[in-house]
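A, B and C label the chains in the order they appear, each numbered from 1.
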Amino acid sequence: MARYTGFYQPNRPLTVYAAIFVLVLYLPILFIPIFSFNSGVYVKFPLEGFTLHWYWDLFQRERLLLAVWNSIKVAAFVSVLSTLIAIPAALAIARYRMPGKAPAAGFIMLPLVLPGLIMGVALLTLVNSLGVQLSLVTVTIGHMVICLPYAISVLLPRFIGFNRSMEEASADLGEPPLRTFWRITLPCNFPGILACLLMTFTISFDEFFMAFFLSGSQSTLPMYIWGQLRFPQDFPSLLALSSLILVFSFALIFASLKLARIGQPTASETKR
Amino acid sequence: MTATDSLPRELARPNALTRFLHRHEGWRGYVLLAPALILMAAAILFPLGMTLTMSTWSLSGYDINQTPGIGNYAAMAENPMFRVLLLRTLTIALTCTLFTVILVYPMAYFVAFHTNRNKALWLIILTLPFWTSYLLRVFAWKVVLGYEGVLNTGLLSLGIVSEPVAALLYSQTAVTIVLAHSWAAFAILPIYVSLEKINRTYLEAAADLGDGPARRFWRITFPLSLPGVVAAFIMMFVPTMGEYITPLMVGGPDSMMVGNLVQAMFGPMNNWPAGAALAVVMMLTIAMAGLVFVVLNKLVQR
Amino acid sequence: MISIRNISKAFGRVQAVRDVSLDIKAGEFFSLLGASGSGKTTLLRMIAGFEGVTSGTILIDGQEMQEYPPHLRPINMVFQNYAIFPHLNVRDNIAYGLRRLGLSKARQDEMVAEMLEMIALPGYGERRSTQLSGGQMQRVALARALILKPKVLLLDEPLGALDKQLREQMQLELRQLQQRLGITFVLVTHDQEEALTLSDRVAVMAQGRVVQVDTPTGLYERPKNRTIAGFIGSMNFFAGTVHRHGTPEIEIEGLGRAVMNGHDDGRPDGAAATVAIRPEKLVLTAHAPGGRAVEGVVQARQYLGGRHMLHVGIAGRATPVAIAVQDGGAEMAPGQPVWMTWKDDSILIMDAD
């Protein structure tokens, strides 16, 4: 649209600022892959030589592979469970008039404004007083709490943007609510739900604060990394591992953010 | 179409539950919300209540004495160490929040007003690092800022400095920088959203009435974006107040925060009641700060 | 067929529908006509079951419906934006409601083909629904609802999104379809012309209430208020005052007194009322006739094909009076004096508003 040409002309200083901002945002992270290919044991300039040794090294570590597997298990459960809980919740928030909706929705979004430390400590206190053993199950519950607000905020705009008369038409043609969900809501909002699954998977896979308090003897991947950070000689391997995780997370989140926007009018379109 | 293919639609009376739910839309909504509410009650409300209860207990030897009392809070009030720690945490969190909001505002402004087709891509670029492992981002900074780290060795090999700059790592400054970097996306989004919501016709009207760009910004854009700025403050302030990993990784002895003590009390020091009390104090501080932000916002809006 | 008894609906503090009672007969084409916010759509959604009722009862075929969720009601609906399922092709859209009935695949296909024939889109079954034009979507929405042989078809502004020409064509098709199938149609519309040309009866709604229920002719000839009187054709409105000394009469602004006769609706003496007279009920002559006549001056003249509309200024009234003249209009040029006569029973009396 040529709507505001002449009014919001490109602003050169601001563009430069934006470029610098993005550079600074990504620069520290960029050093991780760069040094993961460096043959030197110490992470410092000048670079010594190119090697894939640190990557091969990762596959020799049994505890690491176990931690990866643990993280995948937890993340899979977390993404499926929190999405399953988030879908009806987001539908209720998007569709229903109900007394006390705003406070209820606010309560569900509470983890967004609670430090991970507090939530971790509080859950630990509870788990302990119930006499429950720390395990991957407790981590999963902790992660579900963290993921739920994100899951709802991915789904909510989809459901609000999705014309509710589609669902009404299905009910009108005789399909009961669950059938309507299965035949209409789910297929029509599939990209959003997939985005939600990917995002919650990634958040759980990378989550550290809750896992710090709630994982017992079975550690997740971030907990493994945390344990290895004490040994500077392990840094190059950790850099290799981190590079892989970063690529993996970037890909999943990028896909998720892209998916979440499929079929959604862009901001500039809705405002016209 | 003949009468023979008329399709009878069963008019079976719906069962009691269906009838009830059809008549009460609010209940239908709460049935859908129930799983989420139950999870949050079980995993947030109940644990927080438990923490509050535990904060009134005390440690006697290796056992926990469950008689309620305010001993933990009294101890905190008496020991100046806690005050110093709390004040330092507040200072770090506020400084870093303030700087981030200031630095992030032009960026959000740029995306809201000076990008058109690529808006979605810009937002993805700006938030992508945030979604990836927090631990790795802090690790990256440790690698960059270390005494023998990327920055120092880089500067050395370029000949800009002759010996490593020690101040870069294990300092309060390092903690502030890393925190700002880690949570910047939390500040960008609310500001962006509030800027994006501004009705462009206001600005056009102001331009029409002869206001220049600077006046337009201060008289219209900025005031209208204030709710977003306040939201950014809160979103940024909360996680930074609760930090304990960044101080451990890049901070020195002078940059330990309340979170570190909480973690220590639940970990090596093994004094859970005192840790719980400290967590409660931290939460109250955050809640009070949040309240101040909100009230400030209300005042400015008037 | 449908009985609506004392239905009210409140959204929080907003009263959307207030104590509405209606009876819709089997096989009738019934319209709910009103501006946006008049409560017509809410009423329709309550009949369909998408909104619960705050109080009152809705009966379909003598059976109370308030406790039935939409999927159990013997009703189908055509939505304002058609709500064609975007992920299904035309055939699957039309066959959507057949799943529950346990029909054979062959029987389903046969029924869909029959429907496609009916909506004049044969062979469109495999089309993707996103490729359809507005008019085609509208037909598919009709077929999707009618394949279930509902007792009542609800239509929520079904033609609003179409351009004028297509809308007129679809109006004709809708009316023919309804007459052929004999199904009760309940149409919601804000378009007076649409309501009046399509319907057997029309309920005019405003502010959540039903103002008047009547046939289109009834609405034309006996409008209850100024708004309804202005629905079709043009209308002259005059301020009036009731006089009840002797014969009940009404004093009409600029025209003088008229005997109320059959129009007397019992307004008290001295009450203000609006008097409306259709342009074709006024007689205009170029020369003074004998008897009661009001003299005026032609201010403007419009040729309307076969007749003229003359705008005549008269003493005691600011706006000129519109008068339709069948013959001889050409002789009355602007500036010319004319005389206006009328019969007492051609006046309509309604609330002053």
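Everything that follows uses one rule, which is that contacts are C-beta pairs under 8 Å (C-beta built on N, C-alpha and C of every residue); 3 or more make two chains touch, one makes a residue touch a chain.
Since the structure is predicted, the reported quantities are computational estimates derived from the model, not experimental observations.
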item: Of B-C and A-B, whichever chain pair has more C-beta contact pairs; value: A-B
item: Farthest chain (mean CA position) relative to subunit B; value: C
item: Centroid distance [mean C-alpha coordinates] between subunit C and subunit B, Å; value: 56
item: Subunit A and subunit B: spacing of chain centres that average the CA atoms, whole Å; value: 15
item: Set of subunit B residues in contact with two or more other chains; value: 9, 25
item: Residue list for subunit C, restricted to those that touch at least two other chains; value: 49, 69, 72, 148
item: Multi-chain contact sites of subunit A, meaning residues that touch two or more partners; value: 97, 174
item: Subunit A partner contacts - residues on subunit B that touch it in the complex; value: 9, 25-33, 35-37, 39-40, 43-44, 46-48, 50-51, 54, 103, 106-107, 109-111, 113-114, 116, 119-120, 123-129, 131-137, 139-141, 143-144, 146, 148-150, 152-154, 156-157, 181, 184, 196, 200, 203-204, 207, 234-235, 238-239, 241-245, 249, 259, 262-263, 266, 272, 275-276, 279, 282-283, 286, 290
item: Interfacial residue positions of subunit C with respect to subunit A in the complex; value: 11, 48-50, 69-72, 75-77, 79-81, 83, 85-87, 96-97, 99-100, 144-145, 148
item: Subunit B-touching residues of subunit A, taken from the complex the two chains share; value: 1, 4, 7-8, 10-11, 14-15, 17-18, 21-22, 24-29, 31-32, 35, 42-46, 84-86, 88-89, 91-93, 95-99, 101, 104, 107-108, 110-119, 121-126, 128-129, 141-142, 144-145, 148, 152, 174, 199, 202-203, 206, 208-209, 212-213, 222, 225-226, 229, 235, 238-239, 242, 245-246, 249-250, 253-254, 257-258, 261, 266-268, 271
item: Contact footprint of subunit B on subunit C as seen in their complex; value: 49, 52, 63, 66-69, 72, 74, 101, 111, 114, 118, 148-150, 181
item: Subunit A residues within the subunit C interface of the complex; value: 97, 163, 165-166, 168-177, 180, 183-184, 187-188
